[in-house]
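Look at the two complexes coming up: chain A is in both, with chain B in one and chain C in the other.
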Partner chain A sequence: MIRDALLIARKDLRIELSSKIIFGQVLPFSLLVLILFGLAISSDFVVAGSENRTVLEQVAPGLFWLSIVFSSLFAITRSFSLEDKNGNLDALRMAGIDPASIFLGKALAITILMAFLEIVVGALAAVIYRSSILDIEILAATLAAATFCISMAGTLYAGVTAGSKSKDTLLPLLLLPTMAPVLLIATRSTEAALFVEDQTGWGWTILLTVLAFLYTGMGMLTFGSLMEES
Partner chain B sequence: MTDLKSIVSDVDNISGGVLSVDHRSQEFFGENQTTGSKVTKVIGFLAFLALVPFIFFALFVAGPHTEQGEAARLLFIHLPAVAVTYLSFFGTLVSSIMYLKNRTKFWDLLGGATAEVGVIFCALLLFSGSIWGKPTWGTYWQWDPRLTSTAVLFVMFVGYLAVRKMDIAQEARSRRAAVLGIISFLNVIIVHYSIDWWRGLHQGRTFDSTEVKIEGWYLFSLALGMSFFLLIGTFMVIHKFRILWLEHQLADLDLQFALMERRSEVNDLQDSIELGDKT
Partner chain C sequence: MQSFWHALEIPLIGVAPENKEDLNSSDDLVIELNDAVALLDNFPALSGMGFQLRLGEIVHLKGPNGAGKSTLLSLCAGLLPIHSGSGMVLGNDLTNQTDRRRIRRLTGLLSHESSLYDELSVYANIKFWCSANKVDHEVIDPVMDRLGLSGRLRNLKVSALSSGQRRRTSLAVIVCRRPRIWLLDEPYSGLDDAGQKLVDVLVTNAVSFGATVMFTSHDSKRAQDLATRTVEMQGGRLKRTPVVHEPIISKSTRPIRSEESA
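Up next, the complex of A and B:
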């Protein structure tokens, strides 16, 4: 099962290497969103009781995660548009691949792509939002756990909407409410990594990890019913 | 058509006849064909019986509240709306599970009907809560776990209704909707607890219970409101179910017609080929 999943993930990553849709189009989009947030939100006013952080510096973690969640929509849509033509998903299943492996493989490729994207976007965010990182370990753990949450839940919902003509508009409607807790927890965790010296961030990170496992479980259990055609 | 008949008997068996659709509706909906039934007529009449005294007691007999004044009357529609919303969405959850188990049209359509009624009452509950919030907390909106997760719940089930209208094979759509019905329920629980924990770290819960003390005429009016809302909710679910059922039959008829046309085309073609052979 794992081997099939790795095979599918490798296939998706190789397609990305040759097409460069995520890095040529989605990544610039995320960077653009960061810059637009910077224009929309004041960097002049200092937030009371925040050690002289400006509004922009204070909300930087939330803005970063918002741009990541929006970009993930494109990455997920892209990943499934690969399978859209010629009934590829059916072909994969007819090749004897377990739906759970298809789910894991697709989600794994999205996780890896999103992780690269987050590192680049995060580096730029740290520069333009003038963030200083106090706890790199919590930040790394947050990035890893949140990325799994986003790609697992995203793949699950992409399975719900796959094959429909309205999937491009339907996926955000279904996925974004589900992303609400991930956005919330990842932002708190990142705030802890940037602003506070003590280790309170670990609580959030653990919660995020639990969520990641939960979404993985949900996806592996339900993907069979989602893919099954009449 | 044997399939349709078995579904009809399924509906009769499971609902004890409450939701049954007249078999005659198969021959195009006759002139007397409505989405109502004897049961909905009785429920509708009872709802009307509850509505009249409800308006009277809620607006005139139960006096203005000592602390909240006239605004406290919102309780009479807010709490019943909460009850109908959660019962409906719970109905969607049960229907989704039952559909995945039995794969009968009955549970699929019941899931759709309860979700739609749930969304309507959820909108009412958010709206009534919001206008109640202004006089009591001084704001239309609080980032409270219950409020926020209810708003997310609302959007999620709007999404569920959108999935039910997806343009894919009917069977696949029903199955995906059922899966979505179950995971949406889990997600709402996750959303609620994540916000609860976030708030828990920042400050205490914004409010823990509605401060209106419910007794006397207030309790009586609330009971009337509750009866009215539950009756009208059931009424709407049954009607919606029957609409969905008729839609389903119509789609089925369309398919039958398409098949018949196709077959006659093939027959014509064969006839002409045979004729062609002879000449």
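Up next, the complex of A and C:
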């Protein structure tokens, strides 16, 4: 199972290196969203009782994760369009690859691509929103757990919509509500890493990790049926 | 199976192990359908299909567009479930999901679509599908040579290939896999004359060394020259009762014209 999952992930990453869709189109989209948020929210307003923190600085974690969630939709859709095109999903089924391996492989490739995207977007967000990091460990753990979570949930729902003729519009409709708790928890955890010194961020990070494992389990158990339905 | 590779004029390097444990059939009947109904978007694309395919046959499926030929190939490849009726492929039950997964590994389907990744090179595609199908990579180069995919085509992205070159690449994957049943949907499509002759050679050699082939083609003349039997489909079922011939491996390796086409 692991061998096949790595095979799928390597193939997806090789295709990305060749096509540069994520690096050339999704990354600029994420950066654009961040910049537009920065333009829309004045950096002059200061949050009451917050040691002169501006509104923009205060909402930066939420805006960052919102742009990541939107970008993930493109990455996930792109990942599954590779299989949809030219009947490749049927060819994977013909090869007898365990559906759980397909799920894990695609989720792993999306995780790696999203992690790269988050590092670049996060660095730019820190500059635009003038954020400073109080606890780098919590921030790193949050990035890892949230990316894992977004990729697993995204891959699972892409499998749910794979057989639908309107999958391009159906996927955001199904996935965004699912992402709401992830967005909320990742934002709280990032706020803790940026503003709070009392280590409360670890609780949020653990919660994200539990969610990620929940989606992984659901994906591995249900992906076979989803592939048969598609 | 050594001679299979020699027959392809390919030096024997590595051959994928056979999955004899997956072959449950006790006689030479490799496919048997009884009153099989298969649905595509709730439409009965196969409506009460009865059909038998024996070891070593080369069956040409003919019929008008929408007759259900491609659906029949997908069904026999284990990609589609049977809605009603019954069906067995190499002793595996088409109504059983576990059996259908086993059938997929034993059959090779060349569909209308290329089953290739446009962004990867010809070699990377074949290598990926060999890895996915647990086939030794040593067979890749000889097969690519035989199908005219070496040289400048080797590292060319699939998106840059002509339709004939894509067809050759898809065929190369099936040749590397060496399935027990070859299900070919319009194998001549997009191929030049040399490519079409190559398909005939590949099919004849595969059958000579234990495979069974069912294919569709609108090129009736060429198809009838290759096939040992022709069956005609219309409206999701056979137009007339097929006549089962002697398997080709017990006859001459020379293609036999079907009785129905005569």
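Please note the rule applied: the second predicted complex is superposed on the first by the 227 of 230 C-alpha atoms of A that agree within 3 Å, B and C clash if a C-alpha of one lies under 4 Å from a C-alpha of the other, contacts with A are read in each partner's own complex, and residues count from 1 in each chain.
Following the convention adopted for this analysis, a contact is a pair of C-beta atoms (placed from the backbone, for glycine too) under 8 Å apart; a residue touches a chain by one contact, two chains touch by 3 or more.
Just so you know, these numbers come straight off a predicted model, no measurement behind them.
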Which of chain B and chain C A:44 touches, first, second, both or neither: neither
Comparison of chain B and chain C by chain A residues contacted: B
Partner chain(s) touched by A:228 [first = chain B, second = chain C, both, neither]: both
Partner chain in contact with A:177 - chain B first, chain C second, else both or neither: first
Contacts of A:164 with chain B and chain C, given as first, second, both or neither: first
Contacts of A:207 with chain B and chain C, given as first, second, both or neither: first
Shared contact residues on chain A - chain B and chain C: 228
Chain C residues within the chain A interface of the complex: 77-79, 81, 97, 101-102, 104-105, 107-109, 111-120, 124, 128-129, 131-133, 157
Contacting residues of chain B [partner chain A, same complex]: 100, 152, 155-156, 158-159, 162-163, 166-172, 175-176, 178-180, 182-183, 186-187, 190-191, 194-195, 197-198, 201
Chain B contact footprint on chain A (complex, rising order): 156, 159-161, 163-166, 170, 173-174, 176-178, 180-181, 184-185, 188, 207, 211, 214, 218, 222, 225-226, 228-230
Residues of chain A that touch chain C when the two form their complex: 4, 7, 11, 14-15, 18-19, 82, 85-88, 90-97, 228
